[in-house]
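The following pair of complexes shares a single chain, subunit A, combined with subunit B in the former and subunit C in the latter.
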Partner chain A sequence: MIDIITMLATHWISIIGIVIGGICIAVGVHFVPVGGAPAAMAQATGIGTGTVQLAAGSGLTGLLAAGYMYKTLSAAGAVGISEVILICATGAVGAMIMMTTTMIVGNWVYIYGVGVPPASAKVEYDPITKNSQAPYVAPGTVGQGMPTVCFVSGTIGGLLGGLGGSLVYCMLMWVNGDPAISSIFAIGVFLVNAVLPSYNIQGTIEGFHDPKFKRVPKAIVACFIASLLCGIIAVMIPGTAMFGGI
Partner chain B sequence: MSEPAETANQIDTKGVVVGLVGIYIAGISGIPYLAFLAGIGAIFATKMGADAVRRVCSYGIGTGVPSIGMLALGMGVIAAMFGLAIGKMYNAVFIGPIVGLVLALVIGFVVGSLTNKVIKLNIPVMERCLTEIAGAGVLVLTGFSVMVAGSMDFAVIVEKVITTGYIAPIFILGALGILHPFNANLGPDETQDRTLVHSYSCGAITMAIGGVCSIATIDPIAAILSIVIAAAIWYVNFMGFVRLVQRDAGAGYVGTGLLPPGAM
Partner chain C sequence: MEPAMGMGLVALMGAAATVAGCSEDLESDIGSQSNPNSQVQLAAQVGYPHRIFNKAISGEPPSNAMYCAVGAGVAMMLLNSVSTSPLLAIAVGAFVAALLNGVFSTTAYMGRNASQTRFNQYVYLDVLRNHVLGIMGHAYVTTFCIVGLSYVMWNQNLIGHPFPFPVIAMIWGLAVGAIGSSTGDVHYGAEREFQDFKFGAGLNAADSGNITRYAEAGLRSSIDNAWFCSKFGGPVTGIAFGMTVFLDNWRSTAFQGWTAVVAGTIIVILIIIYNRYLELYARKNYGPYPEYSGDVEA
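This part shows the complex of A and B:
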């Protein structure tokens, strides 16, 4: 029989890792330019889908990259702190690739397909390129496409999301050593931490220049509590190896 | 939103009782031919989740209905696996689904309170509905996992459902059964019976896919039994759904000619 208290005492560092990962995911969601249904009709700035779909997409891509890196590194030896950093970096790059691909292809569709210039209605001037935005926003809409600032913001969002997801995965692998259980759990923790911030931004946000970005602290508090709860439960689940194999 | 024909308490009672009874008969009996009962329990749990989604999303949550379904299964997968693992750790497999359910209700209530108190979404039914949705998520996942594995033993479920990857279709289709009915029916003329009949048919599709997965994991005859029962449930409920759509269309409808007259 495996004692629950012993597992909690042994794996407290994994709980901290899961909480940090959860907060990274929560902050990452605020960086991703999500436009929802209006953006799908080129009537709002951002990617034309919901927060959860984007977060899940980038998170799963990051998880795949991180899982492959974990497999390669663990074949070479034990996985320590420096390996975890490498795995998290791989996951972050995987998620960034997914996010930037989505944004660049989305922009091609908006520019060459719909025929609209990417522009944001939330700011007068793009904070990065200093280009004027207002003349390019079509009347009756709140912007369209992904201007430079949204693209950069989305890339940062992918980085944080992938980093958080991979960190949760690594922490769970330390606990149970079973890739299947760890990945399905990482997905569960990821979804909880992606949906709570999406309620915080009420479904749409343009990126770090959006006034809604100031709501980040509330999401951090909520996701801290939710990830702590998920983390405590998750580290108490042993891998099948601890039952003497199957 | 019209007056509901079934109250939330009735739906929750049916979902939890039928869900747990189905899971227990299928899990404890050890007879592979009874595995489909866990699927039927999960269909009732799907309906319970779909009704909770219907009540909370009619307030307009701003992020689209799918987010809440994914949240349900996100919370559900953690609680379900924890429950089953606890059952295995203490050599009392039968406590697994109950522990998972209780834990999911706690997580759901905490997340619901966070949504209302910290994020300030201020939806009065949020706590109750997220509690129900998390409970439905755990019953759906446990139910279909037990149906595919034919056992409640955590080690068997890990070997036959999680390591094989069958957890992925169960996860996504289970979430679809909870989130899709209201997402497809929402609007000013949404009626409870139409949404819930739709949730039965979505649950039956998941059960049929689970049956296909169980061909390899338990027994071909048990799997075919599950698939046939699921197909029958799907047919009856989908035809009922089409009838209710025609009823709610009110002034009348005109066939587009895609299907021959009389096929519907």
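This part shows the complex of A and C:
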């Protein structure tokens, strides 16, 4: 029991980092414009896949970039706060690249393959470009494709997802120094914080201009609690290095 | 590692990812997995029984993550225990993953169609025989390419990524599934499944489930769907995944530290600008829908 308290007291900063990372992921998921199954039939605005699937796909691609950067920086010396910032930035950019390439190719399919202009059904005018949206929404649908506002929102979602995942990974590496355990646990924390907000989203969300986005505070509270629990468990898991392994 | 060698490896990984993305999308089109499958599932229930394959085992990202992790796990076991050559180990790993895919495809098709007998939707054994090998073949190509590129990333003499081999393969499997589900599947779901309807609009909610069931000659099968999607949906999925793998690895190979971050940010900004250009192109060329009767000006 005393060992557990000592572990928690020693790694309290990692727990805080995991909680911040978890909240970044949760907020990031709300930014990603997902249309679910209807979007796959060009029946709703957004990317034609599930919330968790795309957020995880982009965030974990960022995690790969962050993991490599962590290894490079740790070979040069101890990983401090400034290195963690660089690693998180690398992860965030990796996730943004995945998200933007997916969205641009998705728009190719909508525009050239299905023959529809990207349009949002949640707003009459695009908040960024001020272009009208309603006349371009196909009859019997609730929009299609990714107009500029959704595209920018998705990019921000990728940024936050990649940042959060990378931060969780760095915090775990500080605790156990084992990339294998840290990567698996970071994926786990990522999925927990991507699944919980999907109850807010209920299948489809267009981005920060969608009325559902106002539900973010509820997700922050839920993910704060979930990430805190994950963080407490995570700092008690030793890596192979602690057992004298490689 | 020498810069030229590093760039060569990045190019190789990008090429493997392009093939993987294309075959992943075609595999999901033949099997009718992922979101467009909701219409295949609904068709019989609203009075349109069909001969389209039906295997929504799970979302594409988790299923591909599993195949790739299994393939990499088998390959790693062969590499470590019997010192097999990497190419053979990856080939055997991908074969085991393809077998797993075959088991899931068979049980999914039989289970789903057997449960729809009351809607006159039957289990067609010839559909099962004709499609499962095609699905497994595409799954093999996808797994082989992703396990191969993950091996290049993991091998300490090549790129030397710190994550375990199966975890790298799992993450890329998840990514290829997410990309395939977001890009190529739209071509299948919004266009090929509803070719009877006029080109230039998404599916009207009133027509849900009314999928195209007749081919140029006879009844349409999912092999026909893969033929159609291989002209556009499959290749663009490959480009999307190839671009993701190539651009992400290129910026971290060609540049170091914060310069790599800045290079990545510039790529992202350029893609956002290109999207705006695409949006304007579509709005100008297609124009507003004539059925629109609201008061917002186009």
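Just so it is clear, the second predicted complex is superposed on the first by the 243 of 246 C-alpha atoms of A that agree within 3 Å, B and C clash if a C-alpha of one lies under 4 Å from a C-alpha of the other, contacts with A are read in each partner's own complex, and residues count from 1 in each chain.
As a working rule, a contact is a pair of C-beta atoms (placed from the backbone, for glycine too) under 8 Å apart; a residue touches a chain by one contact, two chains touch by 3 or more.
Since the structure is predicted, the reported quantities are computational estimates derived from the model, not experimental observations.
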**Message:** I'd like to know which partner A:L54 touches here: subunit B for first, subunit C for second, both or neither.
**Reply:** second
**Asked** In the superposed arrangement, does A:V114 touch subunit B (first), subunit C (second), both or neither?
**Response** second
**Message:** Taking the superposition on A as described, I'd like to know which of subunit B and subunit C A:A219 touches: first, second, both or neither.
**Reply:** first
**Prompt:** So, does A:S198 touch the first partner subunit B, the second partner subunit C, both, or neither?
**Reply:** first
**Message:** Quick check for you: in the superposed arrangement, does A:L63 touch first (subunit B), second (subunit C), both or neither?
**Reply:** second
**Request:** Using the touch definition from the top, say if A:A89 reaches subunit B (first), subunit C (second), both or neither.
**Result:** second
**Complete:** Between subunit B and subunit C, the one with more contact residues on subunit A is chain C
**Message:** Let me test your reading of the model: by the given contact rule, A:V79 touches which partner, first (subunit B), second (subunit C), both or neither?
**Reply:** neither
**Request:** Look at A:F185 in the shared chain and tell me whether it touches subunit B only, subunit C only, both, or neither; answer first, second, both or neither.
**Result:** first
**Message:** Once chain A of both complexes is superposed, is A:I233 in touch with subunit B (first), subunit C (second), both, or neither?
**Reply:** first
**Request:** Show which residues of subunit A both subunit B and subunit C reach, each in its own complex.
**Result:** 36-37, 50, 53, 56, 180, 184, 187
**Asked** Can you list the subunit A residues touching subunit B in their complex?
**Response** 1-2, 4, 36-37, 50-53, 56, 178, 180-181, 184-185, 187-192, 194-196, 198-200, 202-203, 218-219, 221-222, 225-226, 229-230, 233-234, 236-238, 240, 243, 246
**Fill in**
subunit A residues touching subunit C in their complex are 36-37, 39-43, 47-50, 53-54, 56-58, 60-61, 63-65, 67-71, 86, 89-90, 93-94, 96-98, 100-118, 124-125, 129, 131-141, 144-148, 151-152, 155, 179-180, 183-184, 187
**Message:** Which residues of subunit B touch subunit A once you look at their complex with the stated criterion?
**Reply:** 61-64, 66-68, 70-71, 73-79, 81-82, 85-86, 88-91, 103, 107, 110-111, 114-115, 118-121, 154-156, 158-159, 162-163, 165, 167, 171
**Message:** List the residues on subunit C that touch subunit A in their complex, please.
**Reply:** 34-36, 38-39, 59-62, 153, 159-164, 167-168, 170-172, 174-175, 177-179, 181-187, 189-191, 193-194, 199-207, 232-233, 236-237, 239-240, 243-244, 247-248, 251-252, 257-258, 260-261, 264-265, 267-268, 271-272, 274-276, 278-279, 281-283, 286, 288-289, 291-292, 294, 296-298
